[in-house]
Structure formats: C-alpha cells, structure tokens
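Some structures to go through are shown next.
Each of the next two complexes has subunit A plus one more chain, namely subunit B in the first and subunit C in the second.
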Partner chain A sequence: MLRRTFNALLISAVVFGTAGGIASAEETLKIGVSAPKTGVQSGGAAAVYWPNVQLWVHDLNQKGGIKVDGKQLKIDLVEYDDKSSPEEAVKNIQRLATVDKVDFIISPYTTGINLATAPLIARYGYPQLVATGNANDLRAFIKQWPNSFWLLGKASDLSTGIVGTLKTLRDKGQVGNKVALAYVAEALGLEMIDSAKPAFKEAGFDIVYETSYPIGTQDLSPVISGAKAAKPDAFVAYSYPPDSFALTEQAQIQAFDVNAFYVGVGGALTGYGQRFGKQAEGILSMGGINPDDQAYKSYRESHKKVTGQDTDYWAGAVVYASLEVLAQAIEKAGKERAAVVKAIKSGTFDTVIGKVSFEDNVVKKLWTVGQWRGGVFQGVNGLSVEGAKEPVKKPAWN
Partner chain B sequence: MTGIHRDEMLGLICGGVALALLSLLPLLTEGFYLSFGVNLVLYAALSTAWSLFSGPTRFVSLASAAFFGIGTYSVALWLDALPFVVLIAIAALASAALAALIGAATLRLSGVYFVIFTLGLTELIRQIVSWSQSRFAHKMGLYVFTDFTEGDLYWMLLALTAATFSVGWLINRSRLGFALRIIGDDETVARHVGIATARAKIVLFMISGAFAGIAGAIMAPRYAYIEPQAAFNPMISFMVVIMALLGGTRRLWGPLVGVVPFTVVMELIAARFPNESLIVVGIAFLAIVYVLPSGVTGRIECLRERLRRSLGTGVDAPGCGKIEGRA
Partner chain C sequence: MQILVTGTLLGGTYALIALGLTLQYGAARIMNLANGETLVAACFVAFWLFSRLGVNPILGMVIIAPAALVLNWLIYAWLLRPLVRRAKNRGMLEVDSILATFGLLFLFQGLMLLTFGGAYFNYKFLAEPFSILGTPYALNRVVAFVAGVLVSSLLYLFLYHTRQGAAVRAIAVDPASAQLVAIDVSRTAGFSFALGGALTACGGTLLSTFYTFNASMGVLFTMKALIIVIMGGVGDIRGATLAAFILGLSETAVASLIDPGLTLAATYALFILVLLFRPQGILRRGAA
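Right after this comes the complex of A and B.
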C-alpha cells in the first residue's frame, strides 16, 4: 500500500516536474542567467551577484519594462545553477541559447567560468559583460572574443592600486618602506602577485616578507606571525573573502600593528565592516566606491529594500552597473545582438558607478583601493575616478 | 578463449547498432542536446571505467577525479608542444602510473582503507598541483584553446566508451576476469588457490584509471580554462560511484543504465527547480534507494525472471522476492 502511494506520488512529481511552463501571451524580453547557487562559489555569488540580478529585473519591470524597438517589454528571467563547475556552465549556456532561445545572457560569475563559457557566448553572438572576473592578458581574449567586455579592468590595475596608495602614505611620512606580502595560491592571488611585486620594487619598497597559502586554509596565524617577525611598516594580502576575515582577526589577536593593513577580496563587503566594527577603522582593501555619490546611495537603499540585504562597496555595484549597460545598449540598438555589441563598444552609459565607457573593451575608469572610515568604505585610489579620499595611516588595534 | 555465446552475439549487435545511432547525434543538433549528450557520454565512460575495477573486486574507488584531473592537465600542459593523440596517450600512461602507485600502496589492505585513501589522494594531488603552479608557473589557470567542436568531443567520448566496453568484455572472458571474480567473492579463497591477488587488482586498477584519464584529456578543450579546483573536482568521483551503483555493478552494462536515468533526472531537476535543486536531488536519492534497492540492472533482471517464471521456466532470481515482500 505504502509502496503504491509512493509510486503514485513519484509519478505525479515527475509529471509536474516535466510539464512545460505555461506560455504567457505578453511579449517579453527573455534574459538568461547561469551562475552558482551551489558549490564553492555560491557564497560569493549570493553576496554580490544574485541580489543584483534580482534587483535589476525588479527595477526594470517596475518601470514597465525595457524599451525595445518602440515597445515596452518586461523582463522574463530564465535562471540556472552552474554548480560552480565549468562543465555545467557550458551546458547551461547552450541550453539558454538553443532551447530557451533567450534574447540576451547575463555573463556568469568568476573569472574561470567566464573564460570557459566565452567561446560559446561568442559563437551565439551575445555580448558578455564580465563584472566578476579579470586577468592580466585581457588583450588576447578580446582579440579572440571581441564581444567580451571587462568591467573590473586588468588584474594588474587592481593589484598595483595599493602600491600607489602606499606611495601616497609614504610621501606624507605616514608609512615606511618595508612591506610584508601574502597571497592565496589560486588564480587571483597569483595573477595579482605577478604584477604587484615588480610594481612594489619599482616604487622603491622593500619586500621584507613574502608567503603564499593554499585556498581554504583555516589557520592563518603562521602568516601573521611570520609577517610580524619581519617587522614591516605595511601588510598587503591578496586574499579571498574567508581569508580576508581570518587574516584581520589574526592580526588583532597577535597585536600585529602596521601603519597600513590591506586585504584583498572581501574587505569591501558591508559584513566586513560590521564584523570588525571600530577595529576596521583605517583598514585598506581591494575595491572601493564613492559612497557619497547620489546614484550609489539610492542604489544601496533600493538594494536593501528589494533584496533584504546590504550591497557591498565594490563588486555588487559593478555587477548592477554591467546590467544597466546591457539594458541601455538594448534600448539604443534593439534586439539585434551584433548591434548591441557595437553599441556597448562605442557608447557611454550612466550607471550606479558613474559614467561607464569601454576602451578596447576594457573599462579604464575603476576603483582599486578603499579604506574603512567611520564604518563606511571610502574609495581612496583608482584609475581616473572622481571623489577619491586621501588615504590615512591606520590607527593601532584598540 | 572460448567461442562467442549466442546471447553475447546479440548484445554485440545491439551495442553496435546503438553506437551507430548515437554517433549520429552531432549531425542532428549542435546546441543544448549535444552538450547534454557530451555530459551523458562522459559519465558513461567514467562509470564504466570505474566498474571495470570496482565491479568485480568490490573495492569502492573515489579516485576517478584524480585520474580525470591528471588527464586534463596532461593536455593543458603540453597542448602547444605535442599533437592531441600523443597527449591522450600521455594522459593514459600518467593515470595508469598513478593507479599502479595507489594500488601498490593500498590494494593489499582491506576495502575501507582503500576508500579513504583514494578520497584523500584526489585532494593531495590537487594541492600538489596548486602548489607547483604557484611555485613554478606563477599562475593558476592554464588555457586550452583548440579547434575541436562539441561534436568532436562527443565522438571521442563515444569511442572511448565503446573501447572501455570492449576491454571490459575481453577482461571478463580472460583469466584475469575469472581471477577477479573469485577475489570479489572471497579474497582468502582466491589466495589459497594460487591467484596473485594483489597483482591482478593492480593491473585492473591501472586499466580503469587509464580510461578515466583519457576521459579527462578529451574534456580539457571544453573546459578552456583549467584550474585545479575544476579539474580535480571531488564531485566527479562521487557522481561516478552513485551512477554506477544506481545501475548496478554486477553487469558490465550496469553503470550505463544508471548513467542515463540519473543524468536525465538531474537535468530535469536543474532546469525546473534551479533554486531548490539540492532538496529535490535529496528526495530523488531517497526515491531511488527505495524503488531500486539493487540498481536498475537488478530490477531488469528481476522483471525478466518474473516473465520467465510466468512462462513456466527459470529459477528464483536472488533479491526479487525481497523487494516485492516489502510492499
């Protein structure tokens, strides 16, 4: 009996599961998205990627949709989980392009998956606005896939931002010459350290300590104690979010006081500021924004209202901006993909991170370093950005 | 070797026809269904390779990802220097060498140690690769740009599956296969009748590993950007085991009938419930264990037996009565 009930349940579940969605009569603009909802990258995606996709669709549909060839079309979002695996991502993009036949695709999450899906996205002619990935040799990619656009700039742009900030601090006499370096032994850390080390040397800094650690390392106390023993004036870590938190924590525990303390990805998260509270004062990190800018302010507010969570001071806004670029380009050029790619290439777009335009498919205006000041993450360095604050010396842990 | 049995002949013809039909897929579609086909055939090859070893010996190996990753890296490292065929050979040899090492270290031990060791091994290799890349190459990702289309990869994987099958079939008919079945039933007895159990197991593990390595090599062009995390993804090992067990490992074609429904169900879940996929997958697992406790092959054989019994021939099939008795 139980078995029969179970079988009946199972069959109805399968029928329900396979039944096609009811086609709506209204004409919509179909947008596809594939990014991690499970797997190693799902935490990061849940913080900066998915909420912004949700917000963007909400914002557009609320104002009646997107204007395409004279008609107002609402957004119909088709979403898939790539399980943080390139294999799955490739399959999802294929499905979006050939089964769901979406009009446009929101580019995936992380450098690796963006690179793995680039050939496919290019084959179907979709514009690929990469807001969560970067690399050093972008020129080679763009040559191969001229429809890819990079909103985070080159890896070296980001990694050398802190060199400039330290130079500013040194010129003011607030920080000395000795730098301790740490980096995560993964794509990001290696690409960064590769370009950062020569830049530090060229700027006349003395690297007194250098170490790498494997991704996912739980105990980072040896990194901090090693750095502390070298008695540096500044500590720079090209780290991932969990390590950025752990390194900061360890530095406090070991009372490792430097005049400049920098962590990589994750330091610009609102949660980072909340976690460390007053202790965060003066900490430098990758990313940045002008938090006083009106566009960013109202974006931050509606992000909280629509998704229930705070956005960060960097990548989240860039993801949202990349979607704004896509929407504006579609409004300008229509549904024709090639025309939209062309419109993105040559246009200037008004977004939450200011005016965005591409030079050889790469954004040349970007924030590279920010600093926690009174509970807010202020951009202090960037390439041709407006509203950067002066960096200051970090006070001792208190 | 003895002559070919009538049943086997029939199987061979069916297999040949199926292979011919399947190889037409890239001519029919270039889009999603082909991508899906690639995934399907990939897991068909991996699970069949897995059960070559784990089926007869009943040693559960979680090293598929290690072999797969080695294959992927063999291609990524030397793509610019060597032709693809050579890279595939390197992948096979490197994986077989690794299998020999693991085998020599652990196959004298009992099953449990072997499972844990193979699981840890994948992680160990991933860390070694990460470390050496950061140490010597100063970058993590390797690019694999080739002119292979999705269809090419599909055909290669299909050929690989066919090759795995043929080798498995030949092994089953050989002295090695016979020896392994005895080992699987009772290792002590096997040793007593003079079978070099360790050597037999190692040889088979090497063959199985080599096939998994080749699968990794073929998939490298599709990844385009090779990172240790993606290449040595432990999920690959688990999926392979789950699919093979779902199919049943008593028959060579067992894993195959597990791979197809499993992949299809996973795909439906992923497409229909992108936000609740983990919960639905969990429920699906429960359902599978409940409905198919001895795998799809067990179920098929049971049904066949019932059919035969109703025709008045045949004997009781082991396991059948138990399943029905539970209802």
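Right after this comes the complex of A and C.
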C-alpha cells in the first residue's frame, strides 16, 4: 500500500515536473523580492508594499510583459518572507542572487533592512531603489554603494517638513511657538528627532515637552497627558502606525486641543481617515500626494480593482513609482545590471508620482507633509512638488 | 490620581492577557506559547463580528468564549493529551508542550495571515471620553476593565466556591495527590486548559476595542503574559492579578513621572526584583 502511494507520488511528481518544465520554457524576466509577511513590520508592508508589487506584476504581464532587447518578457516573481529580520533578509537576497538567479530584485521594506542588505545587493550589482526607507547620512552611503537610489529623500527632509508647515501656519497667525514632541524609540524615530530638533530651534520654536516611548506600546495616555500639561500650540509625533492610531485616539479622548496635530507613519493610510472620520479633519501627517493628479487617480483606482484594497496617500504610490522606474530602466538598458544602474542614474522616468529623476542618486522632488481635508489626504508641503495645498489650522475635536 | 486610574485600567488589561495563561500553565501544566495567537484570533473574530454583522464586542464574547473553550478542549484532547500521557515527569511535559505549542503558534499565525493578511486592523467602539473624578478616560478601556473585573470575579467564584473549581486548584498544587481524592486529573486538566483558552479569548475580544492589531502580534502578548504569570507565581490566579496591577501601575507611574521611554525598563526591573527576592511568586510562601 505504502509503495503504491509512493509510486503514485513519484509519477505525479514527474508529470508535474515536466509540465512545469514546458511552462517555464517560455522566456521570462525573473524578479526577486524579499520583504516582511510576518513580524513587526508586516502590518506596514501589507498596506503599502506587497499590494504594489502585486499590482506592478499584474500591470506588466497584462500588457504582455516587459520589453527586453527586442523581446516581450513576462515577469516571473520569486517572493520570500524576511520575517521583519535583517538576518533573514540577507539570507533571502543571497538565495535570490545565487540559487534563484533572478535578473533583478525589488528593494526590501524599511530603512533598517535596506541598510542591512545594501552591501550584498551591491556585491551582485543589482540596482536598489529604496522606496520605503531613508537616512540622514545618505551621501556617504551612496559613495559606498553607488547602486542605491533613494526615493523618499533624506530623513531630515521628511522630519523637517512639518517644521516648514508649522512656520507657514505661524506666519498666518494660526499657531503659536510652543511645540510638544514625541517619538518612537527605534531607528525611524531616532533619525527623525535627530534632525528635527535643531530645525525646530532654528525656526524659533520652543520645545515645551519631549519624550520617547518604546516600539509596540499602545498605552500612550501618559504621553498625551504629559504633552497636554505642557500646554503646547502644536503636537508632533514621529510614530509608527499602531501608535499613530493610539495617539490620535488618546488626544481625542483627553480633549487635547492643539492648532496643529501631526503623526508620523500611518497617518497617510486610507484606513486612518476612515477610522477617525470627521475627527481626522485638519490632522497633519508624514507623507502626502496630490490626490487630484490624474496619474495618481487612475493608479488609485486600479490598485483597488486588482488588489481589493485602497492604497495610501504616500508610500504606496512611491513604491509603485520605484517599480516603474526599474521597468523603464530595464526597457532602456536591457538585462545588463550595470547598464540599468547607469540608466537609472541619468534618466527621467514617467511615474504615478510624476516625473522622477535622481540627483546624486537621491530624489529631490518629494512630499513631506499632508493634511486630512474632507476625508482626503492633501499634500501641503514638500520639496519642489506641484499641487501642494495651503495648510490650515486644525479645528477642535468635535 | 490620574496615574492611579490610568495604571489600574492598564493593569486590568494586563490581567486579561495573563489570566488564561495562568490557568493553562499552572493547572494544566501546559506552557502554551500559542497563547498570544489565541488572543489575536479573538481580536480578529471580534473585529469581523463587529464590522460585518454589527455585533457589539461585549456581546460577541458570549459567542467567542464558548467557541474558544470548545476549540481549546479539542486542541488539548488531540494534540496535548498524548504528550501528557507519555511524559515521565513535569520537566519532560514542559519541554514537549513548549515545542508542540511553538508549532501551534506558527500554524495559527499562518492561518490568520492567510485569512486576514498582514495588515493592521482596528475598529471604532466606544472611543469616547468617560469622566472619572473630572478627568477624561477612554470609555472603551473603562468598559473593558469592568468586563474584565466581571470575568475575573466569575473565575474567582468558580475556583474558590465550587467543587469543580477546587479540583482545578488541586491539580495545580499536586496532580499526583489529586488522584487520591478521586479527581479525574486528565479531564480536569483538559478543562483547565480549555477554560484558560476561553479566558484568553475574552481578553482578546476586550482588547480589540482599543488596540490596533495584526496577525503577527501574538508574541508580544505571550511575552507580557509570561512575565505576569511568573511574577504572580505559576498557577496562582490572585498572584497573577496582583502582578498585572503592579505592572500597570508602575509602568504608568514611570511613564508619567519619569519618561515614557523607560516603561519597558521598569517592567523588566520589577521582573528581576521578583525573581531575585520572591522566585516562587509574589503571594506564595516558601519554596515552590
């Protein structure tokens, strides 16, 4: 009996094996991806990363594939879960390069893992288009790994965006000088606060309260009551999604009314706007987009249609744009990795976030702050972006 | 005052997280590493019931708790009882059950990822201010606290004032002697495990009203529960509850008076102190 089962297994394995062989005889472009499907970062990745990878592969394959050296090649995607751990990510990249022998890879998710895998990605000569990470000292980094490209700019660009917005509001007489700061004690929060504090001081803001909190904490009522006791005019938190939600809810419950309320990652999620509804009106957050832009609008629609979920108003579009850059560079330069890196360096690409080009490997045109207005997250500040709206004073919680 | 109330509410949350594990580990002698996953699964079911069918999560507990009870009983009967039978001593059972439930952790996590994906979930339930002595607190936390107190009181009544409860306590103290007084140890252990699972599910349901959760968050809760169970003394319901409140109060005090960044440090400092000076648990006397 056992032997018969075994034989059946063997036969089916052979049959499927040959079938697979025939199917894969068609030439494809092998793309590898390693990012969190489990672990602490999986929530963010499920919102802005994976659906865009899925959408990109779907879009390319639907139009017949990607044009490489005169041939239309369909995308063959090899996916691995990095379990939100840098060690695992390094192993995955190694495997993608040596065992799966992929033609190109999609950059991993988050700053930390992109930094950790950069040496390995550079060794195999893949272009690394970082759409979900940034750092302060990018220049030294790019000198070492010239194949890395940064679509979110420097950490200081992002963290000081809110300083600019608060300045605008102050000039209009809508917000005072006193700022309360909170940040998550992890790579993102630390990088942000490092560059933000001097910027606040330089702009003449008075930091009346400052605190960090451990990653994973959702019991943040002490943070809000501490901030409230300092009577600030503006509240700024460099936070991650679960804490962004928790801080907002606590502020609302303790009736912590400030003229500007800013949260970090997560505030640009469509779910954030849905969760807080009318209460979200006037809340500022990291990120932004011009939601009225036609390219973004149609991207948003097809994202919903293909993946079944809404994209956000920031990083999701950037991830998709980074993949568009990769595809366009491959179409221009072929399968040769070094040539593709060169093409990315010098080219200008048409994407869902507009024309993208790199200056010393860093995008100089990016959104930094957005604001919820009438259920839509509108970009209000950025570096040389078009279509930014004027920020307004936040109404009291109602 | 505000620190006291916030700390008490947080302590209640912690008690909800830890009570189930206390029963499972203390009475059924199963170190259930998938405890946090049970909790998160309950969060998901509560979320689904609320957002799809509009079922109030507090009422949802009426469905979720019995379902968790049955499910955990089945897990015990099929997966864990064979381990209990073949274990020669407590140490062996501990190692085996840790390995088995470690596998279970991944199975549950995988199933949740498959059904719900890795994204963050939360929903809006009673997210409004509730005034206690003039200071506003989140109503959902207060409601969860009250419901938690109710559930724990029921548990207390059951354990200390019924025959079946006494049996559970007896096997927690000494399973071998419990047999001598005609307690069906295997059945009672299975029941304790199932009851522990149901309690954890209640905790998850209440937690989901004010937490943002996703499929991979279970481990966080298991860790917290483990600290509380060890601090309270294995199998000691009152000790675990006390430990939960001490943790909640001290974390809030540290966050409000010193710095919110130090809450984790405070937790582990307390943990070390308890391990150094009362390794048998806060309330227990003598060597365990």
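The rule is short, and it goes like this: the second predicted complex is superposed on the first by the 375 of 398 C-alpha atoms of A that agree within 3 Å, B and C clash if a C-alpha of one lies under 4 Å from a C-alpha of the other, contacts with A are read in each partner's own complex, and residues count from 1 in each chain.
In this text, contacts are C-beta pairs under 8 Å (C-beta built on N, C-alpha and C of every residue); 3 or more make two chains touch, one makes a residue touch a chain.
These numbers were taken from a predicted model, which means no experiment stands behind them.
Residue contacts after overlaying the shared chain place A:241 against subunit C, while subunit B stays out of touching range.
With both structures placed on the common chain, the touch criterion links A:185 to subunit B and to subunit C.
Of the two partner chains placed by superposition, A:174 touches none, neither subunit B nor subunit C. In the superposition on chain A, A:38 makes contact with both subunit B and subunit C.
Of the two partner chains placed around the shared chain by superposition, neither subunit B nor subunit C is touched by A:357. When the shared chain is aligned, subunit B and subunit C each come close enough to touch A:212. In the superposed pair of complexes, A:28 makes contact with neither subunit B nor subunit C. By the document's definition of touching, of the two partners only subunit B reaches A:116; subunit C does not.
In the superposition on chain A, the residues of subunit A contacted by subunit B and by subunit C overlap at 37-38, 40, 185, 212, 214. Residues 2-3, 6, 10, 13, 109, 113, 117-120, 122-124, 127-129, 136-139, 210-216, 220, 251-252, 255-256, 259-261, 263-264 of subunit C are the ones that touch subunit A when the two sit in their complex. On the side of subunit B, the complex with subunit A involves touching residues 29-36, 39, 127, 130-131, 133-134, 138-141, 143, 145, 219, 222-225, 227, 229-230, 233, 235, 268-275, 277-278, 287, 290-291, 326-327. Interface of subunit A with subunit C (complex): residues 36-40, 42-47, 50, 84, 182, 185, 211-214, 216-223, 225-226, 241-242, 245-246, 249-250, 252-255, 266, 271, 275, 309. Considering their complex, residues 1-4, 6-7, 10, 17-18, 37-38, 40, 79-81, 83, 85-88, 90-91, 94-95, 97-99, 111-112, 115-116, 118-119, 144, 185-187, 189-191, 193-194, 212, 214-215 of subunit A touch subunit B.
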